[in-house]
Amino acid sequence: MRRTISCNRSLSATGSKLGSSSPASAATPDSEALVLSTLPADAAAQTEANSHVPGLQARLLSSRRLSLALAAPLSDEDQTVQPMDDASPTKWHLAHTTWFYESFILKPNLPDYREFSADFEYCFNSYYESKGERQPRGRRGLLTRPSAPEVRDYRAHVDAALARLFTQGIVGERPDLASMIELGINHEQQHQELLLTDVLSLFAAQPLRPAYRAPLPKVESRGGGADIEYIGFDGGIRAIGFDGAGFAYDNEGPRHEVLLYPYRLASRCVTNGEWLAFIEAGGYRDPLLWLADGWATVKTQGWNAPLYWEERDGLWHQMTLEGLLPVDECAPVTQVSYYEANAFAAWAGKRLPTEFEWEVASAGYPLAGNDLGTNALRPRPAPAVHDGRLSQMFGDVWEWTSSAYLPYPGYRPAPGAVGEYNGKFMVSQNVLRGGSCATPPGHIRATYRNFFYPYQRWQFTGLRLAEDAA
Amino acid sequence: MRRTISCNRSLSATGSKLGSSSPASAATPDSEALVLSTLPADAAAQTEANSHVPGLQARLLSSRRLSLALAAPLSDEDQTVQPMDDASPTKWHLAHTTWFYESFILKPNLPDYREFSADFEYCFNSYYESKGERQPRGRRGLLTRPSAPEVRDYRAHVDAALARLFTQGIVGERPDLASMIELGINHEQQHQELLLTDVLSLFAAQPLRPAYRAPLPKVESRGGGADIEYIGFDGGIRAIGFDGAGFAYDNEGPRHEVLLYPYRLASRCVTNGEWLAFIEAGGYRDPLLWLADGWATVKTQGWNAPLYWEERDGLWHQMTLEGLLPVDECAPVTQVSYYEANAFAAWAGKRLPTEFEWEVASAGYPLAGNDLGTNALRPRPAPAVHDGRLSQMFGDVWEWTSSAYLPYPGYRPAPGAVGEYNGKFMVSQNVLRGGSCATPPGHIRATYRNFFYPYQRWQFTGLRLAEDAA
Amino acid sequence: MRRTISCNRSLSATGSKLGSSSPASAATPDSEALVLSTLPADAAAQTEANSHVPGLQARLLSSRRLSLALAAPLSDEDQTVQPMDDASPTKWHLAHTTWFYESFILKPNLPDYREFSADFEYCFNSYYESKGERQPRGRRGLLTRPSAPEVRDYRAHVDAALARLFTQGIVGERPDLASMIELGINHEQQHQELLLTDVLSLFAAQPLRPAYRAPLPKVESRGGGADIEYIGFDGGIRAIGFDGAGFAYDNEGPRHEVLLYPYRLASRCVTNGEWLAFIEAGGYRDPLLWLADGWATVKTQGWNAPLYWEERDGLWHQMTLEGLLPVDECAPVTQVSYYEANAFAAWAGKRLPTEFEWEVASAGYPLAGNDLGTNALRPRPAPAVHDGRLSQMFGDVWEWTSSAYLPYPGYRPAPGAVGEYNGKFMVSQNVLRGGSCATPPGHIRATYRNFFYPYQRWQFTGLRLAEDAA
Amino acid sequence: MRRTISCNRSLSATGSKLGSSSPASAATPDSEALVLSTLPADAAAQTEANSHVPGLQARLLSSRRLSLALAAPLSDEDQTVQPMDDASPTKWHLAHTTWFYESFILKPNLPDYREFSADFEYCFNSYYESKGERQPRGRRGLLTRPSAPEVRDYRAHVDAALARLFTQGIVGERPDLASMIELGINHEQQHQELLLTDVLSLFAAQPLRPAYRAPLPKVESRGGGADIEYIGFDGGIRAIGFDGAGFAYDNEGPRHEVLLYPYRLASRCVTNGEWLAFIEAGGYRDPLLWLADGWATVKTQGWNAPLYWEERDGLWHQMTLEGLLPVDECAPVTQVSYYEANAFAAWAGKRLPTEFEWEVASAGYPLAGNDLGTNALRPRPAPAVHDGRLSQMFGDVWEWTSSAYLPYPGYRPAPGAVGEYNGKFMVSQNVLRGGSCATPPGHIRATYRNFFYPYQRWQFTGLRLAEDAA
């Protein structure tokens, strides 16, 4: 196996040790600037603070436009096909996020609202049992009808009605409605990320390996070669969960206290180069590194590298939104499962952080990074120098934590359909933190809890190592 | 269960007997006329005799245009999605039939031919092992790329090259090439039928049950109510298989003799009305009527009616190319499996004919009927009066025979890739005869052997009963 | 791959030709003598003619004892476990054959008969839908209760009742009952063969590869090296099917005529040595030799040799009832599927015979051979010299024919449960002829039609080649 | 649905409330006495303190004898068959626990030890990757060889060798060896519980529903009707995990602190009567009560009651080790999955406790209860009066907690094969606490962490409700 780029390989040199520890603790803001120029102009509005009504409408509009912008490079065919059960068609995302507004907001609250089509609830309900029967998840790709143009009409119809909610002053009088719209925006943002990961899944499944967009001119590496440092954090009782103003999901609360032991967190995410060392050291062939379920998956699925990696002419390539490209050893590894992240950590003699350790460590860092706003569309190398600070906390890749996705003390799902949003998934999944290169700007929070099954790996999921402080 | 139309129900009245026997033997031509007006004008050319070069080119052109005409009512989305492993996307049919010409005819024979794309052989080879690796059958629907417009370009590119084969006089000097083109035309005709059945499968799988075209004005019933008569045929040594001039598949020969016992054949196909009687008599609940494999399928698949039948408001409907319509009791039952056909025959106290009985009985009947040329797009009721003649022998529905699909004595597959056409499927399938409402005009022959697995039922497949002559 | 024995390898030397043709046509009896000394003494009675009452009772007793004798080398554990859906536990065979007598003969006909247990019909009905619900086929191995001793008690109970049928003179007055008993004997004989093949399946699935019995002293090879000759047979109208006195299954009739073309049949079965040549020539890697279904099975199942073959230290071994032994190149190949037999024939430039060709050719040969009566328990090499006669027609291995298992003209299943015996399996299977080394003596007939699915290969199934006569 | 016994039905009367809260906090010992009379006399030795050498040998002997005693009521057939992948044959348990001693203790440490059979490591290794290839878990039931008598010989052989370890003074000099033997005893105790639950699984899968033993004379109900009280516990920092002398599994440590919020725990487990109310209230039909994975399982598996419940003549019965018996409404519900436990808690307006809440609450209660030592072999009703104390904490049923099975802070698996014992299962499973009616006496601890997947329910698994303190 040839290598193209040489960086971050100290790992393989030092055997089983990933970096050294440094006692630094706090953190100063990352200087990372948002690169929004290639996004629709109004995307910047999404970083605005919060839900006073005029801002709300602007952010709603911006969010609605972003979905269409993300779909724009795709043909109607591309928008229709479903590559696997987990990944939905673009068209379905466009319609489902629209149905969410129609079903939860417009129909109950806009007096003269005319339903676009009585069939759409069946077609575009995702998993809300309280909303009745629906198209099975694994068969969303059968829906050539309604067509993509009809779905765009549907969006326009609903957008116009949403505008009336504002112009008629209804939102202004109804804080509950403003909250629901806020939820709708955040809901659509989640689907914007999924839209991209699902398109990547579709394109990776095709023999032609098409690109979502042409590769951008190579951004000069920002160093990327910095060795991992381990930043120390004290133990003790710490507050966890959302308590600020503005929007958060119900699963981020109630805010409560947890007891932490002293720990250290890696200054950056694990890179592709380090992952190559893991592969070459036989990481995918040694059962003792793996959880039993993980090892069974390795064997039955034939895993020998991250999803979307493939060897061509002796060189590892990686399917990206810019097509099949040689693996960049300096960039964070992505599209790895929890099983793989855990095995890597075992091999490195480290562990994954808990979600609480991650959240506490993130205090003081700005909610900024390589998210969808940079338009990089894939994780980028960390800065060349760490200076005792954590980098890549927000954006780049969702970071697997060792925490199972469970309710916080005192958590109760909301009554009704909205209560199906988060609570019913609280079993057998692990929490991920920090957002990714596909997360819309303004969507992430330090308290944000994403969750996937330990075998899933079609998202932009990577890892950051941790260890106990002596 | 309400019924809309009352016809052909003598069956249920008389218990287990389907019609009475009449000793008539021979047959005179059906007066059925082709209704081609709604097909592209050049479709009529397809009924021409055979492969003298000018006729060949005309038929080639006509055949190529028909595929596009059949795809015309469909959006690119409709043309891309695959509803199940057995049913391929329209776009794939359009490209595969084109690849057949490119790979078997143009590349070896047209000196200056430029391959349209090196990727297409992988994408659009169906099952030719001699042509190398290919996109797995069940994953043809993942191909959003090449796009539908590219596939249309591909067709134009290949059509132009095929035209050069004629204009440069190459075909005229090469009878083998003319034969291959003849095979290409017939191959494409098969896919034209599949294109329609596969679109029906796709549309039936969608919650909106879209129609391929708007229902035509109701054709006045041609009677449909005629009771079945049983037409007798003598036993003895009979010649079977193709021996004429012109094109036939290799599996239709060698022509040879078989020994038949005297038998009688039903004057028409079994109707939906008769099938309703079978359902209401508990046909799908009585294991003693079924082959063991059939009964296992009934139970595991939950079969209780033909494919595409569904009850709505107490009335049986049927998904058709014109959408979901009430079942027409006078029309032939279609989309039934061999298992069902066999169980029905057992229930009726009859049996299915052998393919040899069918072929011998068809002698003297014109190759005409309700095929794709009538543009009915579904089986139609038989004439009101039989007059001792067989009706519906060609067109309407493929008729399941009790014959396993096996090689005729002396059959040898051709060497090379073309040899993979028919011979390698000669196990575990049953022969069907006579063509259907989706068979392109000019494609069927009395010796034509279609074949499907006994559990398959997404084709226009029905049945005609038979019995031993005392 | 080393070889131990060198014989019958002319095949690989001559390329794709298996032997040469000789014009001889008829046949004289094989001098093969039954070797019954190691079977229970009364087994010889099974070769008796037929159903006059005293002989019937003796054969019944003999048959009942043989089942127990076959089970005797097995522990109760061995008799209980089911290795796969197709293979039933010994205990189940012992009980099911007993239930057959109880349910079809004793309960309806012996006035004072007391059912052994009301639960047994559920447990030991095989597939008779008319007898109601039953233990699913794939779950027969769950039945640790009733225990093996209880099943033996069940047999004794039913045997005593069957004896009363004779001593009370009931059988003498009821020819229909004698026929049913005859059916019971033949039914049990079928299960005796299955008992052995199913035990072999169980033992082959175990890591210790236990032997059903210790290997017998090596029988001196009877030559085995004779090249294949092709014996010619005339075409014409030939009578097929059973018409003699005595017992036959319903599927062997009605006797009727078929039209055959001249053909030649190989003088003996294909050997392991010839199969090795097929393997070494890449037979399992060349898709063009295979039926499409067969090739799909090769790939999904990873077939690369007959079932039970495994390489140890560079040498092919074969699991047998005497344990894991080196492959005997002179013995007939066995445990091959129809797919494999067909591919081999294609590779050899020959074909499989039809069941009619086989039956006609068998005329004049005695119903004798290497069946269970020889106690060899596996196929043995053919005689060293053929002298223009066919050898191995009866016994050794069931011979795959190219004929689909279909009803003969005029065939009707009997009404009631007994009618479920044969007819309901007449789809998707192929006919095998001639019996095997595990067929009880007296069970086989020239008209006997065995049938299995083309993918099945846990029986003693092999092949004999055929070809068209010029 | 008729009911036989009326108790604990206040639940259904009060709608969604399960009992009332009482502020009591601490607890006094349960007066439950061990009923060991029907167990082997030496079983009492198992309740001894710990691993000083003479006691160790006695407990080892006792443990080894108990396994044989548990197997004694079973035939060799019963001991061989495997009803499903999760449940192993008795014979396999007997052999595997023996192999554990042979492989981890005797072969490395007893100089003259002669391995019983070189094949057994393959046959009886469970999941130790470091020990090499092994018989696949789902195929353990194929092993009719080695036979049950051979396995008993194997046990005797290994027991004799273990005795030599003591008589030769090796254990006395090697504390590490004593620890390994202690692990071996605890390992075998786990398999003793599994042996019983797996036999129950086997017998429940059989149409005859055999009993492992005849039902004991009905024990007079100990009341059973006491309403649930909720016992309160303070929040704060609490120590969790094992720190005592004696044996514990590695997953019970390191001892560490957690922060708890005030909570209340139900005084007893949920009963069958309360579960009936859940069923009758439509609990299995209301998706809003269920985790999404749970609801999917309900639908695909058709769950409508706990495992082993079946309706007969309008009355719910339950398969037990004493055969199929009417459901005892006063006894704790058992054989329910985490999904079901969670849904029940949601329906009752409560929640499950965390494993930390459970462990803290158990402080001060003796390690006594309805375990295997009582020989009841199934959960029994709680005492009639609670008096502010928790009952049924140890024994009866394993209690599902809401805690995912994760490592404690600072946990590291041991190196080598023993390190595969617990750590590699730390994903996707939930913790259960307290032991069951099948747990051998002396095996349970307050810190003991059992774990199963949320869909598994063939163990004696039930639940105790909890709630937040205001």
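The chains carry the letters A, B, C and D, assigned in the order they are written, with residues numbered from 1 in each.
Going forward, a contact is a pair of C-beta atoms (placed from the backbone, for glycine too) under 8 Å apart; a residue touches a chain by one contact, two chains touch by 3 or more.
Bear in mind that the values here come from a model prediction, so they are computed numbers and not experimental data.
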{"item": "Per Cα centroids, the chain farthest from chain A", "value": "C"}
{"item": "Approximate Å spacing (C-alpha centroids) for the pair chain A, chain D", "value": "39"}
{"item": "Chain B and chain D: spacing of chain centres that average the CA atoms, whole Å", "value": "61"}
{"item": "Computed distance of Cα centres, chain B from chain A, in Å", "value": "49"}
{"item": "Residue numbers of chain C (touch at least two other chains)", "value": "none"}
{"item": "Pairwise touch network: line, ring, star, complete, or other", "value": "ring"}
{"item": "Contacting residues of chain C [partner chain B, same complex]", "value": "127, 129-130, 237, 256-259, 261, 287-288, 290-295, 338-339, 342, 402-404, 406-407, 409-410, 419-420, 424-428, 430, 453-454, 468"}
{"item": "Partner chain A, residues of chain B touching it in the complex", "value": "75-81, 83, 119, 122-123, 135, 139, 141-148, 202, 205-208, 210"}
